[in-house]
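Look at the two complexes coming up: chain A is in both, with chain B in one and chain C in the other.
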Partner chain A sequence: MIEQRVVEPPQLFEAEKETQFITGSEAVREAIRRANVEMAISYPITPQSESMHLVGDLFAEGYIKEYFRGENEFAVMSSVAGAAMGGVRVFTATGGPGTLRAFEAFSTWAGARLPIVCAFMTRGINSPLTIQPDTIEMAFMLDTGIIMLHAETAQDLHDMILRSFMIAEQTEVHIPVGVFVDGFFVTHTRDKVDIAPADMKLPPYDPYSSPVPVMDMENVPFRQMRDPFVMKSNYVSYSAHASWQQEVMAAAERARKYIHQYLGDLIETEYPDADILLIASGTAVSQSREAMAMARSEGFSVGLVKIKSIRPFPEKEIRELVRNAKAVIVPEFNRVGWLAREIKSVAEDTTKIVAGPRVYGGMTMPPNMIMDEIRRCSI
Partner chain B sequence: MSLTEYRVLPGPESYLPPAAASMGVVLPDKGSALVEGGIVLKEEAMEKIVDKLLTAKNPVFFPGPLVLWAWKEGVAEKAKAIKEMAEAVGAKIIPMPDYRPKYPMINPAIEINPNHPNLTIWHNKIDACIFVGVHCHYANVALKMIRGGTDCYTMALCSEAGHEDAMISLRDFRIEDLYTMTEMIKKRKGEGK
Partner chain C sequence: MKKDIFQISPGFEDIMPAEYRDLIDNGPFEKNVGVSDLGSFKELLEEHPLCAGCGLALSLRLILASLPNPEDTIIVGSTGCSALAFPQVALHNIHSLFGNQNAVASGLKRALTLRFPDKVKDVVVIAGDGATADIGLDMVLQSWFRQENITTIMLDNEAYANTGGQESGMSPMGTVLNMAPKGKKFPKVSVPELARESGCAYVATVTPAQPKKLGKAVVRGILAARELGPSYIQVFAPCPTNYKFKPNETISKIKLREKEGTYETKEYITAEAQELFARLEEGKK
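Moving on to the complex of A and B:
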C-alpha cells in the first residue's frame, strides 16, 4: 500500500494526472483508492463483479478498513445502509437484476439521508435471461430519490465516483449518489483515463455534520426513527411523511450546485445552436458524437447534448435547448425510451422530439441508425 | 405562481405547502442569509431576527438535541448562550428533545416534536419561534408543516448550510453570533424600541 496523505478535494481533483490505459472496472478501483472509503460490501453480478473484486483487492492492500460479501444484493444494500447510518464512508456496486433485487433499499437510503455512493453497471433485465448491455434499470431508478449520474466513458466513471462522495456528503444534500455506466461497453473495455497520484486521498467523512443523527455511541442520546409513521393512521403521520418526502426531493435540488462545482455542469454541449440536436446520456453520447461528425461532414446542422445528471434533471437547460432546435433526436440503449420521456416532460413543444433510435438486449447502436433519423428530420 | 416569485412567508399557507427548495429558493453562500426566500447579508438577517423577536407577542425558542446534551466540547457553552439570548428577549424555551413521533400525543405545553410541531404552536399561541440545535433534516420537516398550518414566524439559527423553509435562516451560526445577537437585543431594549 502506498502511504497516502489527505488533501483538500480541489487539490486532488486538479492534481497533475497520469494517463493510464485501463478498463472501466479498473477506473472504479482507482477512484476508490483515492476516495478514503472506510467500508465496501459486495455481491457479484455481471458486469459489476470485476469492479467490486478489484475494490476487494484494495482492502487486501490496506486502503479500505472493512470489506465483505453479502448474502445477496438486498443484504448488501441493507448492510451498506447500516454502515452509512453508523457514520462511515461506504461504497458498493451492482447492476441489472441485482439492482432490482435490492430495489427497496434505494428509496430507504434516500429517505434515511444516507450519503452512500453506489455504482450501477447497467445490463438487461430478465426475462429472458441476459447479461448484455442495456440501460432499462435506470427507468426503474428515476423516482427512488437518489441522485443519478450517467457516465459516458471510463474517465467519467472514475471522476463521477470519486467526486460523488463530495456531492453526497454535503449536509444540505446528504442523499445517495448512483453513478450509472453502461455495462461491458465501458466496464470491460480499455480507455485512456487521467488519474491523480495514488499518494493523495480525499478528507474523511464527518458524520457529525449529517442532517440526521449518526447512530454511534458518541452522539447525543435521543430516540430517532428514520422509517416512522407506518404504524399510525392519522393526519400527523401523513403530514410528517409528506414533509419528509419533500425534504428528500429538496435535497436533490440542492445537489445541483455541487454537481456544477465538482462535475462542471449537469450537461455538456457541442454546437448547441444547431438545427438538429442529439440529446443522450451514457454511451449513447459516444454513438451520437460519431453520428454528429458524419452528419456535419455532409453539411447537416447537428449538435450534441450530453446529459450527465439524470437526477436532478437539467429541466431548465433542456427546455431552453429544445425550444431553440428544429428537431431533437434521443438515441437510447433500452426499449422504453426513458430519457425521451424525461425530455418530453420538460419541453414546451414535444412534437419536435424523436424518441429514438433505440437498441436493447445487448445490441450495439451503429451511428448510421442515428444518421437515418437526422436525414428524416432534415426533409 | 412561478418559481421565482415564491416567498417563504407565515401561513397557514396550504394543506401541503411545497419545499421552498423545490420552488427555486436557494441556500445562501457563506456570509449571507435568507429572509423570506431572498438572499441578504448575514448582518441584515440578524437585525431582522431581533426585530421579529422583540415585536412578537409570544416568541419561543425551540432548542434541539444538538444543544440539549453536552455531547461534545463547546456545546454546554452554546446552550448557555442560547438561554441568555432567550432571557434577553423575554422568550420562553420549549425543547425538542426527541425526533420520534410520540403517541397518543406529546404534552404541547412543555415540548415540541418535529413530526407534529403545530400542536405546540397552537397550544401556546406562539407567533414567532427560533429553531436552534435541531438536525437539519428534522428542522426542515417541521418548518414546512409550521408554514402550512400556522401563522408562526419561523427563524432558524443553523450551524450548517441554513434552511430555505424558515422565514429567516442564518448559516454557519456560531457561539459568537449568539453573543452578538444577545447584545443587539439588550441594546435595542435599552433604547426602548
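Moving on to the complex of A and C:
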C-alpha cells in the first residue's frame, strides 16, 4: 500500500494525471483507491463482479478498512444502508438482475438520506436468461429518488465514481448517487484513463454533516417522536410523509450545482446547432459519435448530445436543443426506450423525436443503424 | 454517549416536553439498572401505541430495562407491531424494511466498530416472528454464519399481528389463523436450534412471565455478542387481539403453555460463553 495523504477535492481532481491503459473495472478500483472509502460490501453478479474483486484487493492492501461478501443483493444494499446510517463512507456495485433483486432497498436509501455511492454495471434482465449488455434496469431506477449518472467511457466511470462522493455528501444533497455504466462494453474492455497520483485521497466523510441523525448514540435527538405518524390517519401524518418526499426530490435538484462543480454540465454537445441531433447516454453516445462522423462526411447536418446526468434530468437544456432541431434521434441499448420517453416528457414538439434505433438482448449497435435513421429524417 | 450530549441547554428546560426532562433527570443512562429497578427510573419506552395486554409491549419494556449499556445501544427493528412502538423509544433505532434487520445491523455494527474502536457500541436487533423466522430468515441465518457481533431478539407472538392475524412460521401447528383457514400444516420453526447450529454463542428462550430470567438473558446475549459472536433470544409474547383472549390473561396464557410443554424456556451456552459469563458475573459479585 502506498502511503496516502488527504488533499482537498480540487487538488485531487486537478492533479497532474498519468494515462493508464486499463479496463473499466480497473478504473473503478483506481477511483475507490483515491476515494477514502471506509467500507465496501460485495456480491457476485456478471459483469459487475470483477470491479468488486478489485475493490476487495484494495481492502487486502489496506486502502479500505472493512469489506465482506453479503448473501444477496437485497441484503447487501441493506447492509450498505446500515453502514451509512452508522456514519461511514461506503461503496458497492451490482447490475441487471442484482439491481432488481435489491430494488426495494434503493427506494429507501434516498428517503433515509444516505450518501451511498453505488455503481451499476448494467446488463439484461431475465427472462429468458441473459448476461448480455442492456440498460433496461435504468428504466426501473428512474423514480427511486437516487441521483443517476451514466458513464460513456472508463474515464467517465472513474471520474463519476470518485467525484460522486463529493456530490452525495453535501449536507443539502445527502442522497445516494448511482453511477451507471454499460456492462461489458466498458467494464471488460481496455481504454486510456487519466488518473491522479495514488498517494492522494479525498478528505474523510464527516458523518455529522448529515441532515438526519447518525445512528450512533452520539448525537441528538435520541428519541424521534412522541406520536408516530405511521399510527395516524390524519392530515398532519400525510403531510409529513409528503413533505419528506418533496424534500428528497428537492435534494436531487440541489445536486445540480455540485454536478456542475465536479463533473461539468449535465450534458455535453458537439454541433448543437445542427438540423438533426443524436441524443444519447452511455455507450450509445460512442456509437452516435461514429454515426455523426459518417453523416457529416456525407454532408448531413448532424450534431450530438451526450446526457451525463439522468437524475436530475437536464430538462431545460434538452427542451432548448429539441426546440432548435429539425429532428432528434435517440439510440438506446434497451427494449423500452426510457431515454426517449424522458426526452419526450420535456420536449414541446414530440413529433420530431425518433425513439430509436434500439438494440437489446446483448446486440451491438452498428453506427449504420443510426445512419439509416439520419437518412430517413433527412428525406 | 456521554450524558452531556443530550443534556438540555440552560434556559430551554421549560419548553422541552415533561417526559423528555424526566428522561434526562431520571432515565436509565449510566445507572446500571435492570428489571428489578422498574418503577424507580424513567423508562426508555414512552407509553406505547400497542393493544391492551400486548405481550410484545410488556416484553419490550422488560428488554429495554435490561440493556446493560443503553447510552451506547442502537436498536435495529423491522416491520410489524413493534415498529409502531420504536419511534417512542429513547434510543437511536432503525426501521429499514420488512425482514432486512440483520443485514442492516451487520453493516451498522461494522461501521460503529470502525468509528469507535475503543468504545462498546451494542447493536441489538428486535423484531417479530414474521420478520425473523419468515421474510428475514435468510439474513438472520447469514448474519449468524458470518459471526456478526450482534444480538438478535425475536418477539414471538406466533402470528403476523399487525397485518391482521395471519399465520407465521412460528404459529403452533393446527392453529386456525388468516391465511391458514384449515389450520397451520407444519410445526413451529425451531429457530433456537437453528441459532445453535448456525454459530450463536448464546441462545435463550424466555417469557415476560419471568422478568428476571428475561433480563438476565438479555444481558447475557449482549455480553456474548460483544465478546464472542452472535446471540439469539426468543421472547414469547402472546397476542390477545389475534389469539382472542382477554388482555389480563397474557401472563396466565404463557404459564399455561409452559405447563402444557408447548413453550419451553431454555438456554444454550457454548463453553466459551460459559467461561465468559462466569468471569463477568463473578467480577460483578
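A few remarks follow.
Note that the second predicted complex is superposed on the first by the 368 of 379 C-alpha atoms of A that agree within 3 Å, B and C clash if a C-alpha of one lies under 4 Å from a C-alpha of the other, contacts with A are read in each partner's own complex, and residues count from 1 in each chain.
The rule we apply is simple: a residue touches a chain if its C-beta (ideal position, glycine included) is under 8 Å from a C-beta of that chain, and two chains touch if they have at least 3 such contacts.
Keep in mind it's a predicted model, so treat the numbers as computed, not measured.
Using the contact criterion defined above for the overlaid structures, shared-chain residue A:F140 touches neither chain B nor chain C, since it reaches no partner. Within the superposed three-chain model, A:N219 lies in touch with chain B and with chain C [touch as defined at top]. Within the superposed three-chain model, A:S209 lies in touch with chain B and out of touch with chain C [touch as defined at top]. Once the two complexes are overlaid on the shared chain, A:M249 sits against chain B while remaining clear of chain C. Contacts of A:E66 after superposition: chain C is touched, whereas chain B is not reached.
Applying the stated contact rule after C-alpha superposition, one finds that A:F103 touches neither chain B nor chain C. Residue contacts after overlaying the shared chain place A:Y271 against neither chain B nor chain C.
Overlap of the chain B and chain C interfaces on chain A comprises residues 213, 218-225, 228. The residues of chain A lying in touch with chain C in their complex are 38-39, 41, 65-66, 68, 70-72, 74-76, 78-88, 90, 104-105, 108, 112, 207, 213, 215-226, 228, 230-231. Contact residues of chain A toward chain B in the complex are 113, 170-172, 174, 208-213, 218-225, 228-229, 232, 236-237, 239-240, 242-244, 246-247, 249-251, 253-254, 257. Residues 1, 5-6, 17, 19-20, 23, 46, 49, 71-74, 76, 83-84, 87-94, 96-97, 100, 103-116, 121, 138-139, 142, 146 of chain C are the ones touching chain A in the complex. The residues of chain B lying in touch with chain A in their complex are 16, 18-22, 26-27, 65-66, 68-69, 71-72, 97-101, 103, 114-116, 135-138, 140-142, 144-145, 148, 160-162, 164.
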